[in-house]
Each structure stands twice: as C-alpha cells, then as structure tokens.
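Across the two complexes that follow, chain A remains constant while its partner is chain B and subsequently chain C.
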Partner chain A sequence: MKQITNDALRLKLSQEYRNAHFTWIFTALFALLFLVYSFDFSTQQVRLPVVIFFVIYAVTALYVVFLTKRIRNDVIRKGEVQKRTRLLAYPLLLTIGAGNIFASGFAFALVSRNQTPEYTFASYALLTQLFVIGVSAFNLFKPYVVDTFLLAMGLLLVAALLYAVMIVLTARFVTAESAPKWMLIPGIILLFSLFIGNFFGFLLGYSLIKKARSKNPSSVEKWHTMWLKITRNTMAIFGMFFITFIFSLSVVSEWIFDYDFATQNNYSAILQNPSLEYPLGTDDFGRDLFSRIVFGAQISLIVGFASTVLPALVGGTLGAISGYFGRTTDSVIMRLLDILYAIPGILLAIAIIAAFGANTVNLIIALSVGAIPTYARTMRATVMQLSNFEFVEAARALGASDASIIFKQIVPNSLAPMIVKATLTIGGAVIATSSLSFLGLGIEPHIPEWGNILKVGSTYLETHSYVAIFPGICIMLLVLSFNFFGDGLRDALDPKTN
Partner chain B sequence: MKKFFAVAAAATLVLAGCVETKSEKEAGGVSESGTDEKPVIEVLGMASNEQDMNIVRDQLLKNGFEVNLNIQPDYGSFTSQKDAGNYDVAVSSWTTVTGNPDYAVRGLFKSDGASSVIADEKLDELIDAASAVTGDEAVEAYKAVEELLVFDQAYIAPLYISNKAQGIYSAAVNPDTVRLSKSRAQAWEKISFNDESLNASETLVLHQAIGSLTSLDPIKANDGSINTLNTNMYSRLVNLTDEDEVVAEDSLSYNFAMTEDNSNYYFILRDDINFAAVENGAAVDTGDLVSAEDVVFSLNRAKDPESVPDHRTYSLHENMETVEVVTDLAELESATTPDGESVLEALSNELPADITTLVASEDEVDNAAGNYQVVKVTTTQPFPQVLNYLAHQSGGIVSEQQVSSINTFDVASYDPNSDIAYGDQSTVTEGSSYDNHLFASGPYILVQKNDYEAQFVKNPAYRADSEYAPLIDKVNVRFIDDNDSALSALRNGEIHVLQTVPDTKYDVVSSDDNLTLKQADSNGVSYLQFNMSGRDVSESADLRKAVLYSINQQDFITYYQGNKKPAVSTVTPLVDTGLTFEADAEKVKEFLDAYAQ
Partner chain C sequence: MTIPEFMKSLYLKASIHRKSYWLVIVLSLPLHLISWVLYRVQKPETNYIEKLNQETSLFSEQQRHYWFEDFYRQEKAKDQAFQLHQSEDTLRKTAQRLAVQHEREELRKKLEKQGVVPQTYSRFTGDLIGKPSFFWMTLIFAFLLYSFLAGRSQSFAWFVLGRLVQTLFVIVGVAAFVFTILYISPLDPAQNILGVESTPEQVANFNRIYGLDQPYLVQLWNSLQGLFTFDLGTSFAGKENITASIASKFPVTLIIALFSLLMAIIIALPAGIISALRPNSYWDYTFMIVALIGLSIPSFWQGLLFILGFSIHLQWFPATYSTSNWLSLVLPIAVLGTSIAASIARMTRSSMLEVIHEDYIVTAKAKGLTERQIVSKHALKNAMIPIITVIGLLFGGMLGGAAITEKVFNISGIGSYIVDKQFIPDIPALLGGVVYIAIAISLVNLVIDILYAFYDPRIRSTMKKKG
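== the complex of A and B ==
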C-alpha cells in the first residue's frame, strides 16, 4: 500500500510526467478536431490537407503516450527520467513543423536535464520565432510582398538561429545560481529581441546578464525562483507564448505584411474561402482576413496595454497617497473614486466615446477612466499594511520625506499585487476594446481591429462562418493567455507560497 | 557552419528571384501623378450605411482624394450633423413611396424643398415644367432635370437602386397571396393562410420596425411607423399596382377619369364600404357609409395646412385647388379624357348598374338603382401626378362626423398636453388612456397596441360578402426594431411576413424550406448629397464632378452580390430617361486639375 502512494507522489512531483500527460491529451484533442474537420459533409468530400494534419497529430499523440509510459517507468523505478528516454524526445522536436506547440514545447523540456528558466526562455524564444517566420511566410503566396519583406525575414531567421545557439549554450553553461561571465555578450545582444517583439529572447538576455554579473545573489535567487515557478506552470508558459507570438507578429508585421491587403477593397475576391493566397479567407469587401487579423493585433494589444497601464499608474498613485496619509486625504480621494466606481465601466466608456468621438486615444482614455478605482483600492490596501512596517518607521526616523518614503520604500514593495491585477485585467481590456468596436463605437470600421472584423463576421455567421470564427478565436486565445499568465504570475509572486 | 551559411545564402537568392516586391509591381503599372496636396472629402453617414461609406471611401482614396469618415449611430444624430453642415458628401437614401417622379425630386432638390440644400433657379424651372406633362414629354423633361442635377452641376452622385426582398413564412401563409409592391405599402386584405379554414381563427403576424406610431390620422404622419397601418385602415380614391400604375382596384372608387387638360379628375364612388369602429375590443359596423361627403372633407383637410396641428403631408396635397361633389350628369358628358371619350363613358365601365342620377347626399346613394356619387378634384395647374398622391396613405378617407367630433379644439391654440387629436396613439395604447375613437374606412381597424404589438381586426362592413372582403380576421403587427432579430422571428414562424430581408441574408431565406423569398424592384435610391454651403465642394462644380466620376456603381453591385441596380438619380426607378452614368478615372483627373487651377 505504501509503495503505491509513494509512486503516486513521485509521479505527481515529476514535472516531465505531468507535462507528458498534458501534451498527449492536447495533441489528441487537436487530432480529433482535424478528424472532424477532414470530411466536408455538405459536398461529401475528404479534405486531404486536413487528413494529413490529422495523421501527423495522431501519430504524435501516440508517440507521446509511448513516452509517457517510459517516463512513468523511469520515475517509478529509477526516481528520475533516464537519458535514453530523453534521447527519444529528439524526434518530437520536428512537430514544430506541424505547428504543434504542445509537443515541441514538451520535447524541448524533455531533451535537457537542465531546467533553468533560461533554458525554457531560449527554447520558447526559438519556438516563437519559428512560428512568426512560419506565419509570415504565407505572404509568399500573395501576388507581391512589401519591399522590406526579404530583409525582415532574413533578420528573423538570423534571430531564430541565435536562439537555437542559445538553447545549446544555456543547457550547457547556465545553472540555477550563475552563468559564466562571457554570457554578458550574448545577453546584451539578446536584449535587442525586444525590437522584434520576442519577450522570451529579451527575458533570456536580461536573465543571463543578471546571472553573469552575479552581484546580488539574493536578488538572483528571487528572480530565479519566480521564473522557475512560472516556467513550470504549463498553462502560464503557453499563455506567455501566445502573447509573445501575437506581440511579435504585430511588431514585425510593419515590415512583412502589406497594409493595403488589410484595408483596400478588392471586389474581385469577395468572401473567398481560406486558400494559400488568403490563408483565412476574405471578408465582404474582399480584404484579406489574415492580414487584417495580424494588423488588428496591433490595436488590440496597444489599447489593451495602454488602458491597463494608464489606470494602474493613476489609480496606483492615488491609492498610495490615500493609503499612506490616511484620514481626510484618504476619505476625500476614496469617496471621489467611489463615485466613479458607481458608474458601470462600459457605460462610461460608451458615454465618453459618444461625446468625444471614436479614435484610438479616446478609446484608451474611455476604457482607462472606469478602471482607476479598482487599482486605487488594491494599492491602498497594500500600502496601509506596509506603512506600519518597521522599515517605514526607520526611514521616517532617518528624516526621509513623505514622497521618498512612498516611492522608494512602500511602492516597490507593494507592486506585486498590482502587477498580477494588471495582467489579469488586460484580457478584460482587450475584450472591452473589441466590444466597443463591435457596437460600432470603437475604431473606424475599415481599420483592422478584432472587434471590427468580428462584427463583419457576425453578419455572415451562417453563410461564411470563418469570417467570425478566426477573429473570435484570436480574441479568446489572447484573453485566455493573459488570464493563464496572470494566474501563473500570481502563484509565483504570492508571498504565501514563497 | 560555413556550409549552412552557403546554403542559406543560396536559398535567399533563389527566394529573392521568385518574389515580386510591391515597388517592382507598381513600377510596372501607371505611376501616381504628382504628390501635391490632395483634396480632403468628409463623408457623413449613418452606421447602418457603413458598407456604402466604406466603398465610397475606398473609391475616393484610389482616385487621389483624402477621406475622413463621419459615422453617426442613428438618423437623429446624422440629421443634426447634416444640419450643422459637418460634411462634404452625405450618404443619403430616398424612397419614392408615391411612385411618381415629381415626389422624387420636388422635396429633395427644389430650392424650397423640405429637405433640399440646393438653390438653382434653372433646376426649379425644369422640375416644375416636368410635373405638368405626361408620357414621352415627361421622359424628355426628366432627362433635362437629370442632366442638370447630375452631369452638369453634380449636385448629387448616384450610388445604386435597391431591390426589395420579402421573406414569407410559407409553411403557414400562402406566398402567392402576399403582394410585394414597388411603392405601395403592404395590402393585408388578400393574404391567406395555406389552409383557408384557418383564416377565421388564426392570427396573421406581420412585422414593423418602429413601434411608436406618429399618428393614426392619415394626414398627420408620413413615415415608416404608420404607412402600412394607415394604408390598411383607410380606403383611398385610387391605389397603386405592384408596378406603380394608378388604378381604381381595391379602392373606394369604381373608376376614375382625367380631363384632357390634365387639370380635372373625376372619381365615381362605391356604396359597399361602411366605417367600422371598435366596441368592447371588437370591430362593429357603424352603419355610416364612406361617402362623397367624407371624401370632400378628407381631401379638403389634406390640402389645408391649418386643418390640423402638425400637418405633415400638406406638401403632397397642395396641388389640389378644389374638391367637390358633382351632381350634374351633363358635366360628365361634356368633359373629355385625353383618349377622346367622355368622362361619363370612362366612369361607366363595369358598374353594378348604369348611372341614372348623381346624388349629393349619402342617404340617397343606391348603386344598384343607378344612384351614384361622383367627386371631382381640380388641380392648381395641370398636374397628372396628383393621382399618385391620392393613392398615398395620406389620401386616406376619414369619417367627417367622427373626426369633427374629436377634433373640437382650436388648431391655433392646440395644446398637446390637454387636447387629444384624432388618431393620437395614446387612445389605442393599452392602459388608462385607452379610448379607441378610430373610424376605419379600410379593410382593417386597430383595436389596441402596446410596445410589443398592435392588434388589428377586419372591418365587418368592408365590401362584406364579396370576394374583396378581407380574408384573415385577425392581424397582429409585431414591433421588432432589429432587422436580424426580425429575420430570426420569421425563421421560427413567430412572424409570417418580413418586408425587408437584410441584404446579406437572401441566401439564408431562400435556403430555408419553411420560407419563400420574393424579390422586386424598389424606388429606393442611394446617393451622395453634396454640401452646398460653406465647403470647397459647394463652390467648385469641378471638385464635385471629380467626386462624381470616382464613384463606380459596379463595385456596389458586386458588393451587394448583384442585388442592386445602377442609378442616375432618384428619378431613375420611375422614369427611364435613357441616361447612364459610368465612373471615369480620366475625367476625375481632368476635373481635379481644373479644380486645382
């Protein structure tokens, strides 16, 4: 009896085993989806490309089941995954070619014993990069590409190569505590990943610099444990992957995608079904949905981020002042915010848009104003608690000014709940942006924005459903991703679990 | 590693050879001429016309304009933006509900027109001249109007003519009995269920978007909230066929005739329609004949702007000079029609008995014995299109006795808070204010309404016991604001007829086994109205023409999947003037150059 519980516990603790389980289930689900879609019931025909995808996914799923069994045996018999099993994961890396992020992510996690966050960053940086390149490559099927296309694609490929090299290097040289000094150089280069929107690359660079300099071991450890927790949370890392993917795509789309395909009407290609030239089909004006969705991501992300950061800053400052000074200041600020809180956010946004007109800046302001009180409340609660701590007393005794106490002592220590809250509400902001556009109150209808695209799609839901399905899936996945990532972040920053 | 780079470099080269870049592609075509400042056009429209605005925006952009969109959520804010002059072109639409070309231009484009922004004396003259003639002369006259309005001055830029599409729940209702007319409002009396035995017991459910009824007095309203309802509640002297011909069929008159000078119009009335009233929730026969006295009373109040407070249809009827009962048979004999026969002959066609006497009082009327009533309408100038206005719902005949007894207030000092006018919707709305005082001369009468629906029952004294009596006893009109929701209601049989199927949903209706889709021409024309005061487009006809020739109607037709037709002006669906309009990029450049100098 005791043996069994031990086994169960071991399996439960094994990251690889849990990952394997997750991977085969998701791969099998996708295979099932492809199977259902592979037969066109209206024309009684088999869709060959979909069948191929089904076969690939089904085989992958079976292979992962086989790996799962091996991992189970390894864990129960030997206590950890054996080298041979890890070698067997290499073929699984190829699944990236079929776009199977679950299997390829799992493969990267399994092939190396090194499970530092840096290794995960590097592998996901590469995965993101390959996905971006793969999606961008669809532009080759268009009648023409933008002038900067080849140059940009070349740069993306170079970046992908760099990440591939970094995977090997980090697996070899980076440990939980430190990285070799020469890692500073690739670290600094990797910081430039931000310019192609690859967060994973940026984080990898930052992390490497932090570890290579190894000035403050306690801060390195804190950083390491936090990210270890997030990278071990499968849903959080996939959430982060999708956010990074969309962000990166929307950053590089400027140089790879042609805006004209997304906005200029083409009456000879109205409501086309998905094809190679139009990977997601065209809408009622003959505009390429694929390009529209890619460019739409820019606005969704910009408005989503901005309308989260703005109220977090304003609300955070008000909350900090209110919580620190208390008494009358607190009453005045919080009662005023209570008034604001009493007005439903979306109604307030609609009123602001109706009064000042619809454009991106107004949209951000409209969505921000309603969110200020909740941030202020969160901040105030944390600050009230913190301001009674000894280190604040000490700072006060040393004669520090109120402003310096608030912004140097208290605020840095109360950021964690704000960050978690912000991440969890970005999803809401993305939905709110799309909702307003859907209602015709957001951005002008010809400008690609997910809500706008969905609105057009809603008209053709029965006859050309893909016009609604693709933007719908994008909105759903992005919001889900933010929520999963936010959950992971909360778990990682939660003082209780530390 | 070296090898890899070699391969990568080779691959890049091969790839670069295959891919055509945008600038290469454009270098092959015609290069854009000049980079000087582009004229900016502000396009105003309603959110419901978003598609049209997008096509206009796209076409103007491609022809070298810069475009700002001003999208307003509803008609109210659209009109206030238009009144404030915040536009260069406004996406407008017009439906000629009377089916005559004069109505399609007078209010819209004449200097004194109710919704006109144009002031052009020459155009005014042409419109007036066109209204006085018929036949080929009229075609020529309206051609001259169109030439000036569209091609010479470009006061408007035409977009397209809409089609009508009606959805019928044919699982219950016989689609052959449901009319789809070009202009006329839906006629209910002919509609029947597939199973005719259900006509007496089942309720026919129809649809209307607007639930707030402006007024049930025919002359006090002219909008979508009452057009169909009043059309079915009141008889008129004449009616329009589905193709917009004026006929006596299903109207209060047996026949009508026009004199050869196009100024006098005679109508011979039938004696088998009584007014109906509502008592205890049911329609009763009042015994009051719809007579010549009522006709004279109704038309006199229609042409008198002071007859009621808030008279909304005066402009349609101002062309009538006098309305009178004719008692002298000799007058009919001496007057001749344009065909050369006497008016009496024209009026005598297929009567129940030959005309022996013309009587003045309704008490003496007896058609079977040869006693008839004849009404004569004289117009201020020759105006043959007056017949179309008489066929409009505002020409509906009301009861002299009933309306006079309700409208006892002084029109000049009318106070809407205390005085209740005939046809006020509060009197038929369920609740404490309910006090149904309607007298209906048509096939149906409104019993009561709420925000959800209006309930009608048939007029028991409307050509009773003949084949023309209304077939279905009870008709409910359901108010559903959103057209897509209305379509859903149609699909599950909650409503039986949907008058306007959304443009994009024709497939949905025609592929549904329970539904029948009927399509017909309509008089609805969409066009761009130029702002004629205070803007660059107001001053320069060249700029207006540049915009005009940027408009490619074929794109609209393609977008609407062939369900629209090319237009030249609002007259196009009514008179075929032979003119056609084509987009022309070369002309756009010419006019833009002319404008720049």
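== the complex of A and C ==
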C-alpha cells in the first residue's frame, strides 16, 4: 500500500510525466477536431489536406502515449527519466512541421536534462521563429510579394539559426546559478530579438547577461526562481508563446505582408473560400482575410497595451498616494473613484465615444478611464500594507521626503500585483476593443481590425461563416493566452493567491 | 441611565474622537451659543488647581529625587550615545523639567482616581447635556447633534446610514460626471438632427427648445432634477418620452441578466466546489480550462457562433428576440451567462481552497463528518462571502455587457437603446440610460453590503471596534 502512494507521489512530482499527459490529451483533441472537420457535410466530400493533418496528429498522440508509458516506468523504477527515453523524444521535434506546438514544446522539454529557464526560452524562441516564418511563407502563393520580403525572411531565418545554436549552448553551459563569461556576447546579440518581436529571444539574452555578469547572486536567484515557476507552468508558457507569436508577427508584418492586400478592394475575388492564395478566404470587397487578420493583430495589441498601461499609471499613482497618506486624502480620492467604479466599463466607454466620436485615440482613452479605479484599488491595498513595514520607517527616519519614499521604496515593492493585474486585464481590453468596433464605436471601419472584420462576417454568417469564425478564434486565443500567462505570473509572483 | 445621561456620555466620547471631531463641532453650534454664555456667566467653580497644590505634598522629597536621578541618567546615556556633548547644566535642566512633568502626570492620575478632574469647556457642555431640563429644552435646535450621536452609538444603523450617504453621493456623482462628458462633447446634436443644410436660426431654435443654450450649471441642475424626478423630457430624435421608453426597456434587460446570473450560479458553484475538493485532478483541469475559455471568448462572437450553430444549422432557437417567444431568450441568456459562470467558478474554487484548509474544517473531519456534510454545513457558508461580493460586482458588468449581447440578438433592451442613441448624441436619453443602470448597480451592491453586515459576525465586530 505504501509503495503505491509513493509511486503516485513521484509521478505527481515528475514534471515530465505531467507534461506528457497534457501533450497527448491536447494532441488527441486536435486530432479529433481535424477528424470532425475532414468531412464536408454540405457537399458530402472528404477534405484531403485535413485528413492528412488528422493522421499526423493521431500518430503523434499515439507516440506521446507510448512515451508517457515509458516515462511512467522510468519514474517508478529508477526515480527519474532515463537517457534512452530522452533520446526517443528527438523524433517528436519534427512535429513542429505540422504546427503541433504542444508536442514540439514537450519534445524540447524532454530531450535535455538541464531544464533552466534559459533553455526553455531558447527552445520557445526557436519555435516562435519557425511559426512566424511558416505563416509568413504563405505570402509566396500571392501574385507578388513586397520588396523587402526576401531580405526580411532571410533575417528571420538567421535569427532562427541563432536560436537553434543557443538551444545547444544553453543546454550545455548554463546552470541554475551562472553562465560562462563569454555568454555575454550572444546575450547582447540576442537583445536585438526585440526588433523582430521575439520576447523569448530577448528574455534569453537578458537572462544570459544577468547570469554571466553574476554580480548579485541573490537577484540572479530571484530571477531564476520566478522564471522557473513560469516556465514549468505549461499553460502559462503556451500563453506566452502565442502572445509572442502574435506580437512578432505584427512587428515583422510591416516588411513581409502587403498592406494593400488587406485594404484594397479586389472585385474579381469577392468572398472566396480558403485556398493557398487566400489562406483564410476573402471578404465582401475581395480583401484577403489572412492579411487583414495579421494587420488587425497590430491594432488589437496596441490598443490593448495602451489601454492597460495608461490606467495602470494613473490609477497606480492615485492608489499609491491614497494608500500612503491615508485619512482625508484617501477618502477624497477613493470616493471620487467610486463614481467611476459605479459605471460599467463598456457603458462608460460608449458614453465617452458618444461625446467625442469614434476613433482609435478616443477608444484608448475611453477604455482607460473606466479601468482607473480597479488599478487604484489594487495599488492602494498593497501600499497600505507596505507603508507599515520597517524599511519605510527606516527611510522616513533617514529624512527621505514623502515623494521619494513613495516612488523609491514603496512603488518598486508593490509592482508585482499591478503587473499581474495588468496582464489579466489586457485580455479584457482586447475583447472590449473588438466589441466596440463590432458595434461601430471603436476603430474606424476602414482599418483592418478584428472587430471590424467580424462585423462584416456577421452579415455573411449564413453563407460565408469563415469570415466571422477566423478573427473570432484569433481574439479568443489571444485573450486566452493573456489569461493563462497572467495566471502563471500570479502564481509565480505570489503563491498565496493560488 | 436616563436619556440625558446617556447623551452626555455619548457627547463626551464623541468630542475626543478624532474622526468626527469637526462634524460634532458643526452640529453642536446652536448648542454652543447657549452653553458658552452659561459657561462665561457661571464660571464653574473648580477646585482642581487647589487640589493640585494640596496634593503636591503627597510625594516625598525622596521620591522626587529618585525621578530626577532616573531622568538624569537617561539623558546622560542619550548624550553619550549620540555624542551631543551637552553641558552638565543643560542635562540637569532637562532632567528637572522631565521630572516635574512626570510628577504632574502622576498627580493627575491620582486625582482622577479620587474623582477630581479638570473642568474644561467640553466637560461643562457635557454636564449641561446631562441635566434633563437643559437636554429637553435644547432638543429642538440640537436635534441633529443628538440624532447623530444616537446613530453613532448603534454601529449597525451607523454603518447603514454611512453606506446610504455614500451611495447617494456616488449616484449624484455619476450623473454629474456623465453629464459633464456629454456637455463638453465637440459633437453638435442640433446639426446631426437638422441636417447639414440647417440655418443658424434653426440650430439656435433647437438649442433653445432643449435648453442647450443655457449655462453649464443650469443644464446640470435641470438634468439632475430630471433624473431624480423621473422626468427627462423628450429625446432629440423621435421625440418620445425618455423615462417611459427606458422604463419599457429595462425589464427585458433585467430578466435576461437575472436568468443568466441564475444559470451561471447553478453551473459554476458545483464546478468550482468539485475543482476545489479535487485540486489538480482531471476534473479540476477541465473545469478551469473551460472556465478560462469562457472568460476569454468575446460575447458577441459567442453570440454569432450560437446563432450559426443553434439557429441556422440546427434551427432549435430563433436568432432574434421576439416578446412572444420565450425560446428566443435562451441564446442571449446562455451568452451573457458564460463569462459570469466562468468568473464565479474561478472565485468559488479559490475561495473554497482557502477555507478548506482552515482549522475548523480539520476539526469537522476529526469529528467524523462526511465530506458532503463538511462542505454543505461548514465550508460553503464561509466560502460564499467573497463569492457573493464577486456576484454583486459581476452584476454591474453584466448590465453593461448587455449592450453588446442585445445588439447581436436584436433585443430592444436598455443596452441597445443606449447604443442607438449615442450616434446623435441624444444627451438626455444617453444620460438617463447610463445613470439608471449605474443606480441599479449601486443599489444591488448596497443591499449586498448591508446583508453582509447583518449576517457576518466578523464584520459586525469590526464595526463595533471602530465605533
């Protein structure tokens, strides 16, 4: 009896076993989805490409089930995953060709024993890069590509190569505590990943520099533990992957995608079904939905970030002042914010847009105003707790001014809950943006934005439902990713709230 | 204790309480007119100073010297520690001063034990209030003060009163805020209604009819009056009575909101409880991933998908709302309820997880209760508190989110009314719609807060501590 409970506990603690379970279930779910979609009920025909995808996913799922069994045996008999099992994960790396992020992510996690956050960053940087390149490659089926296409694609490939090399290097040389000094050079190069929107690459670079310099061991350890917690949270890392993928795509789309396909009317190709030239079909003006959705991601991300950062700054400042000074200041600020809090965000946004007209800037302001009180409340609660701590007393005894105590002592220490809150509300902002655009109250209708595309799609729901389905899936996945990532961040930063 | 005596004790308590200090002074102004005159005339005899002088002999010379020595030692140690290099003379003087202070303090304590207290003005006023004749005579013009004091002593009534005032303030604030936004709008309703070719006279006439040419404060006052007397006049376009149309559109929105809340609770509570009881199990993961998907799905898109699936393909439910067919309410309720259900399920899980590790649950387990009994009788009751708060807050978001769902399903509720009116912008109609929704939300939250204070013993005890 005791043996069994020990085994169960061991399996529970084994990261690989849990990941394996997760991977085969999700791969099987996708296989099922492909199976359902492979038969067109209206025309009684089999969709051949979908069947191929189904077969690939089904085989992958079976292979992962087999790996799961092996891992289980290894963990129960030997206490840890054996080398041979790890070798068996290499073929699984090929699943990236089929776009199976679950299986390929799992494969990367299984092949190396050295699971530092840097290794995860490197592997997901490569995965993101390959996904971006894969999606961008669809432009080759268009009648023409933009002038910068080849150059940009070449650059992306070079970056992918760099990440591939980094995977091997980090697996070999980076430990939990430190990295060799020469890692500074690739670290600095990797910081440029931000220009192609690859967060994973940027984080990898930053992390390597931090570890290679190793000036402050406690800060390195803090950084390491935090990211280890996030990278071990499977859903959080997939959320981060999708956010990075969309971000990277919307950054590089400037040089790879042609904006004309998304905005210029093409009456010879109205409401086409998905094909290689138009991967997601066309809308009622013959505009390519694929390009529109890619450019729509830019708007969604910009509005989402702006309408999160703005209220976080304003609300955070008000909350900090309110929480620090207390008494009358607190009452006045919080009672005034109560007024804002009593109006539902969407209604307030509608009222503001009604007054000032519908455009992008007004939309950002309208969404921001309604979000101020929640940030102020979060900040206030944290600051009230913090201002009783000894280090604040000490700063006061040393003669620091109120402003310097608030902004140098208290605010840096109360950022964690604000960051978590912000991550969890970006999703809401993205939904609100597209909802208001759908009502005709958000982004101007000529700009390709997900809500605007859906608005068109809603009129063709009966005949061409894909126009409404694809942008909706994008919104949902992006918001879901932000929520998963936010949850992971919350668990990593504050284990108590879990 | 008679009423005047009770009032006296309340007054004395309130006059030293920092929080309500100014309020007490303002409220008791009429009272002070009399009591100040009496104080001046009577010059109440006080034997405090005399007693003070008498009692000085209570302390022996030795005692005094001991105190002095004590302070001197302290001062000296302080001087050395901080390296102040004060002269011997200064040290002695400081020690002497402190010793005298200490002696006075000791004396005051001793006298207080004997019932001798310094006579101050506020004490004099308190004594006056304690006299029945004075109390009943001043009842009329110090009524506000007395009712304030009485209200304060009843912590629950005080709490309710405070929340009522706060809600009133928020409601007026919301009305003023929304009006101000619409007032400073650069858009011109007159131009939009009358068309581009309207003459300046026509525009001026339009503005005069609707009072748009009046100064800000007058317009604001008129709007507030209209809101609270339920007479907002007629809308700019269509000239229908705004209050009547809002009143006719509110019920649909409320019905949908209430039913979706009910649906959400029925689905979400069990899901959350199961997830919390079996954390990290398959059920837990499934429920929580589904809940997160429910949170992440845009409601208008979900509405479109439902119409596509259930109305167009399966033809189970009609795609648009009609008053005669209750089946047409099913899809909007499901759509509106999804995100609420997701939030409630997540909140239930985390709240239950917190409660389930408390000591009293362990006790219940040790008593031999079954899991079902523990959950239903012990855990759920305490876990419900944060859940109900969240439900109250979600109700607000739901009434706001109704605007989008109503547009998708073509329901003529308050939400779609607001959206329709914003294009002009029809100021009184918009104002009415938004403010009445905000009022509904504030009232719901007020009721929840008060119920809490009534049912939760912990909140009641903290209220008493404060009062």
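Convention: the second predicted complex is superposed on the first by the 494 of 498 C-alpha atoms of A that agree within 3 Å, B and C clash if a C-alpha of one lies under 4 Å from a C-alpha of the other, contacts with A are read in each partner's own complex, and residues count from 1 in each chain.
As a working rule, a residue touches a chain if its C-beta (ideal position, glycine included) is under 8 Å from a C-beta of that chain, and two chains touch if they have at least 3 such contacts.
Keep in mind it's a predicted model, so treat the numbers as computed, not measured.
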{"item": "First, second, both or neither for A:V314, with chain B first and chain C second", "value": "neither"}
{"item": "Chain B versus chain C as contact partner of A:V55, first or second or both or neither", "value": "neither"}
{"item": "Which of chain B and chain C A:A400 touches, first, second, both or neither", "value": "neither"}
{"item": "Touched partner set for A:L33, first chain B, second chain C, both or neither", "value": "neither"}
{"item": "Chain B versus chain C as contact partner of A:L191, first or second or both or neither", "value": "neither"}
{"item": "Partner chain in contact with A:L140 - chain B first, chain C second, else both or neither", "value": "first"}
{"item": "Which superposed partner A:G154 touches (first chain B, second chain C, both, neither)", "value": "first"}
{"item": "Touching partner for A:E462 - first (chain B), second (chain C), both, neither", "value": "both"}
{"item": "Winner by number of chain A residues touched, once chain B and chain C are compared", "value": "C"}
{"item": "Doubly contacted chain A residues - partners chain C and chain B", "value": "354, 441, 462"}
{"item": "For the chain C and chain A complex, residues of the former touching the latter", "value": "166, 169-171, 173-174, 177-178, 181-182, 184-187, 280, 289, 292-293, 295-301, 304-305, 307-308, 312, 350, 396-397, 399-401, 403-404, 407-408, 418-419, 421-423, 425, 430, 434, 437-438, 441-442"}
{"item": "Footprint of chain B on chain A - complex, ascending", "value": "140, 143-147, 149-150, 154, 157, 258, 264-265, 267-268, 270, 284-285, 354, 358, 440-441, 444-446, 459-460, 462-463"}
{"item": "Partner chain A, residues of chain B touching it in the complex", "value": "8, 12, 15-16, 18-25, 47, 50-51, 54-55, 57-58, 61-62, 69, 71, 73, 502, 504, 507-508, 554-555, 558-559, 561"}
{"item": "Residue ranges of chain A in contact with chain C within the complex", "value": "12, 235, 335-336, 338-340, 342-348, 350-357, 427, 431, 434-435, 438-439, 441, 454, 457-458, 461-462, 465, 468-469, 472, 475-476, 479-480, 483-484, 487, 497-498"}
